[in-house]
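Letters are used for the chains, namely A, B, C and D, taken in the order the chains are written, and counting of residues starts over at 1 for each.
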Amino acid sequence: MSKKIKLGILGGGGDSLIGVLHRVASFINDNYQIVGAVFNPNFEDNMAFAKQIDIPTDRIYKDFDTLIEEELKLPKEDRIQVCSVLTPNFLHFPMVKKLLENGFNVICEKPMTTTYEEAKILQATMEKSKTVFALTHTYTGYPMVRQMREMVKAGAIGKVHKVDASYYQGWINPIIHDKEKRASTWRLDPKKAGISCCIADIGVHAFNMIEYTTGLRIKSILADFNYVYDDNPMDVDGTVLVRMDKHVKGLIRSSQIATGEENGLSIAIYGDKGGLRWEQESPNQLFVLSDDKPLQVYKPGHGYNSELSLGGTKLPPGHPEGIFDAMANIYLGVARAVRGEAYNDGEFPTMLDGVRGMDFIESTVASNKQGNVWVDLH
Amino acid sequence: MSKKIKLGILGGGGDSLIGVLHRVASFINDNYQIVGAVFNPNFEDNMAFAKQIDIPTDRIYKDFDTLIEEELKLPKEDRIQVCSVLTPNFLHFPMVKKLLENGFNVICEKPMTTTYEEAKILQATMEKSKTVFALTHTYTGYPMVRQMREMVKAGAIGKVHKVDASYYQGWINPIIHDKEKRASTWRLDPKKAGISCCIADIGVHAFNMIEYTTGLRIKSILADFNYVYDDNPMDVDGTVLVRMDKHVKGLIRSSQIATGEENGLSIAIYGDKGGLRWEQESPNQLFVLSDDKPLQVYKPGHGYNSELSLGGTKLPPGHPEGIFDAMANIYLGVARAVRGEAYNDGEFPTMLDGVRGMDFIESTVASNKQGNVWVDLH
Amino acid sequence: MSKKIKLGILGGGGDSLIGVLHRVASFINDNYQIVGAVFNPNFEDNMAFAKQIDIPTDRIYKDFDTLIEEELKLPKEDRIQVCSVLTPNFLHFPMVKKLLENGFNVICEKPMTTTYEEAKILQATMEKSKTVFALTHTYTGYPMVRQMREMVKAGAIGKVHKVDASYYQGWINPIIHDKEKRASTWRLDPKKAGISCCIADIGVHAFNMIEYTTGLRIKSILADFNYVYDDNPMDVDGTVLVRMDKHVKGLIRSSQIATGEENGLSIAIYGDKGGLRWEQESPNQLFVLSDDKPLQVYKPGHGYNSELSLGGTKLPPGHPEGIFDAMANIYLGVARAVRGEAYNDGEFPTMLDGVRGMDFIESTVASNKQGNVWVDLH
Amino acid sequence: MSKKIKLGILGGGGDSLIGVLHRVASFINDNYQIVGAVFNPNFEDNMAFAKQIDIPTDRIYKDFDTLIEEELKLPKEDRIQVCSVLTPNFLHFPMVKKLLENGFNVICEKPMTTTYEEAKILQATMEKSKTVFALTHTYTGYPMVRQMREMVKAGAIGKVHKVDASYYQGWINPIIHDKEKRASTWRLDPKKAGISCCIADIGVHAFNMIEYTTGLRIKSILADFNYVYDDNPMDVDGTVLVRMDKHVKGLIRSSQIATGEENGLSIAIYGDKGGLRWEQESPNQLFVLSDDKPLQVYKPGHGYNSELSLGGTKLPPGHPEGIFDAMANIYLGVARAVRGEAYNDGEFPTMLDGVRGMDFIESTVASNKQGNVWVDLH
């Protein structure tokens, strides 16, 4: 009998790109099989999609509650073990909560919830359960991001004194400058998209990248948003000054109006002994800087990398792996955790990352609203 | 019932990297399920590997002949539809031949055979059968390689007058300079590895890249090999002058002693109206040159790309896909062909590519042996 | 008789790097000859240096006042026409003032003065005289920076809505973390170096780059400085949020603790029709971005560039020119202005750039001191 | 009295780009003053040009013979010390010969002569005189090219076993494909341009780059030229296989039909301990490769560079210097040699480089003519 982990999927049907990303990631390391799902709220679409991707349809449920109900009727060994939550943001909280309460392990897309309060509730729920929870800050799955984390931890750049992370995209440009379009896209409607657009969607990735790679906590922030038009109620661009402490500062830059930029997540970390720079669009290069030695370019798969990094590479150096492989690395870490195998800290982002992220989003919105003042995170 | 294509796998067990690449590629687009295999010549290892990657073991066979025999006993609709041949090079010919003769579609690793003669026999065999055959020149699966092909075809760079393809690696460096090691590695033993090391392993990829992207045929070649030591009988470096015709020339550079190079496959194509440049280690950039306009950098997923290119991209621009995705694109093309669906010329390399490749390898060996003279391909 | 412009030089003797940069720049386009100088405050060193660089010593003066006095005695046609001021920052104001009052044209290193008030006085002084004044924001002399300016002006990227300029260096890293060294370097002593270190030295270049390339004025700023240690009174890192107006925002990032960074001046400008990106360390590439067309890379010397850009290139495309050539372009513009020839707006930074720069520096210091609040520029 | 070296210039008037390059290079390090010249064969143009660039006209001569005659009448201390020969190729030989015979030091543009025989005569002439002779293979003046040379010499990459140098341009593309234009350009007329176009103009630079950086001598070559059209008698593209010895091989690639390429000179050197890669269009980066360590990027001005390299950098790291600075470094070396000061081997290319270059050009032409056979250099 297969020892593959039984995977359930919520959302991600139809043309969903995030659905493809998670599904492929689950396959890559031979660890998961999809056994149940609610891909779409509409049952017909749901079934059609299951057929399209050739998943057995016996456990394609009409809705989330039915999934829970029916799965719980199954003997434990047949039941969904991990459920991936890829639904619209506002559904993350109720779904994850119920999943955790019923003992399902969860892989959740970000943002984890729509409020910090919800995030804290999920955290408490998880602590009471004995479940594994992973938040898919996908970019932490790249081998060179993992290498950054391990190098900082090992002291390769000394004491960190400056960070600069950015996430620049330009996709909203053709929308924001068109009065009709900006009034009609759900992404710019606070009722549908929550309190923030740019910061919640991408700024939070840059925030997470800083905390993931440096191991430090951001203590306070000062944010300035750009709405571009008076009739637009949502941030499409935001710069955030951050402080780890009085003498460790940095910034987070995020934009959806950086016209022509595609998926420009980047991070630079400077310490008293060296610096590190990485860019998502060239994920297989990590630049290692020093005062007086030649610039070094680390690449995946070489023996000089850390165990955490090497664990995320499947082929020898020079064979580019990409974002599907990064996400697959997160799924691999979760598989190990679910199976009770040993795994390294850093193999997947956790509930704490989710709580921190929501704290960050709410704090930046507050800072901007109050006139760009410093706001402490919890 | 699943409409996934029933995939058989020969070879690729244990630590095989090529095994991982094919297996993952088969999963990525939801098209295949592995139903049968001979992963290893040793049956115990074979079974153990099947269990490790969680494949049903009922159709894990003790050897290739048994696989053929048993599968043929199954009703046609249950039988393996496509068989991937990942075994050592010398086994490609007998296995592929028997598979084709028995009506199995085949995906074969390169080099297709060990001689041109064998290649011609396979070609004849295939023509008599009604099967699909694909040769995994993986790099043709990259969206920007496909875009190059389509741009040349559409006349974007006018009439091609010069090509320059290279494949530089340095992996054999620590072996070749050690008398013990170079005497003991199978790669440098003609009895085990065939008539060529460097040209057959990587030079042929550069050859295929030229013919794939330009649509032209190389007519004659002049080759110079480097053995580095007198006691080494195998090429570890080779430069090949090529002629399409009297006025269309080019070269193929290949090396396994380009110390520090990882997987440096690249190609430049120049025509009377423009130029194209691509490098495998940065696969998501295609440089488009002209006499008098700014350099352009094409990237995957944009609407300005051709249909063939766009069909090989799953996510929006800026989300790097890599070599697993390139191989998956080839598997996707084969799936369409096997199902009798429409597919574009160029979705997967064919029997002809295999025949051409063997012709190239033998011709270069002959040219070098005869003192670097021009040799015509068939 | 030579029609070369008679150049005087103040400062820049001994090992001065800025001295080399200006001297070479003055030679490059055959426009200047050095006829007089006070290279060093010490007369012996002054004379020795003149001999070392092989300048006639008859007009090497013992001090600045003597230079003025003696030059004024000469017939107008023999007199120094342009005087380059390369002395320590606090001397810029009195020297430039006296030069302008006495009818000498001036090329002045930045920062123009030590206070905004002084800058305003110089501006008034210049307006009363009929002199040419240039401030050497050297980077504006690069052909691709000039191209950026002309493209924005011509509407190539539409209405600008976001700017991001940075200047990252790491040179102070080995000093700042050493208690002895940071206490003893003049750069971190407000009495010697003025009110700011990082912002005044390099942040102001990024500020100028924004105003030079966009043609827009920064209206208000909010600054956050990092001193790294409590006993250090000077900014070695500073991030500045900027507003052109309510809906056009941006930021200036500057650091001298970006360990391992060399001279990392960069700028990105985003408008509703496109984006532009440039980096000083690869000065001959200008990236032109759009929503839906391939990325373009503009390079110097091509016919597709603007007149202002082409005027700054001496050789055909592919022959890298560098920072000496950029400075030479500024000297070339000044030569044209001094001779009363036609020249383009943008050929050299002006008094207004100097006034704006001092305004920026004082405003950022004020903003940081007052707790990171918004401060309006004059 | 000025101790600047008295420089004479032959050719380089009017719009000559090579004239600008040499003139600026002579100024950059305060070592030269132009005292005499024959810029143009037409005396009026000659004088006009002297006035345009503001050179004293008293020693602007009507022709080369007059220059020699008149200069020899001057007392030795007033006479031209170094004469730069920038005239059309066929004039190099007679001019340089006469200059050397009359005791003038010479800086000569490449190709040094039009035949190998002439080159040997010049070599003999120079050996009899006590003059300094430099050939301006400009690219050897780049700090990172010098660093390559010194690293190879110091054993940083071990024993060299493979070299690959290329020089790709596309400038002749719009000419070669136009019947009228290709018939009328002097560059493709053997009577005016000599026996080779592409190899003599640029291939020889790549050849020189290999010998300069490796310190090895190329022993034999096999060349294949592309004329593109039957009515074109001159090579516009050529690939040359090279052998240092039986086990050290390489290639030289040169093209003027690499459409869209600008000035693509590059070199890669591989040894048993490491590799080096450099590209002229990004001259301030030297890539240092190894089997098992991170890729390193060396940049100019850092203390880790060799003395020869550091001597060619004027400003701190991060301030790009370019091709004028590279040529200036060669002029600086010549100045030291002429003054009898100590200088490093490698500061300027010598007569031997010129002889070797002509040997290479004639050998490749012979190899191609004889049907792409191996030809030994002298």
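In this text, contacts are C-beta pairs under 8 Å (C-beta built on N, C-alpha and C of every residue); 3 or more make two chains touch, one makes a residue touch a chain.
Since we're looking at a predicted model, the values are computed, not measured.
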Which pair wins on C-beta contacts, A-C or B-C?
A-C
Using mean Cα positions as chain centres, tell me which chain lies farthest from subunit D.
A
Please work out the Cα centroid separation of subunit B and subunit C, and write it as a whole number of Å.
55
Whole-Å gap separating subunit A and subunit B, where each centre is the average of the chain's CA atoms
35
Whole-Å distance, C-alpha centre of subunit A to that of subunit C, is 42
Two or more other chains touching the same residue: where does that happen in subunit A?
261, 295, 299
If each chain is a dot and touching chains are joined, what shape do you get: line, ring, star, complete or other?
complete
Hey, which residues of subunit B end up touching subunit C in the complex?
288, 292-299, 302-304
Hey, which residues of subunit D end up touching subunit C in the complex?
2-4, 17, 20-21, 23-24, 27-28, 30-31, 33, 52-54, 56, 169, 171, 261-264, 280-284, 299, 314-325
Please give the residue numbers of subunit C that touch subunit A in the complex, ascending.
157, 161-162, 164, 168, 170, 173-174, 177, 222, 224, 226-230, 237, 239, 241, 247, 249, 251, 253, 255, 257-261, 268, 270-275, 289-291, 295, 372, 374
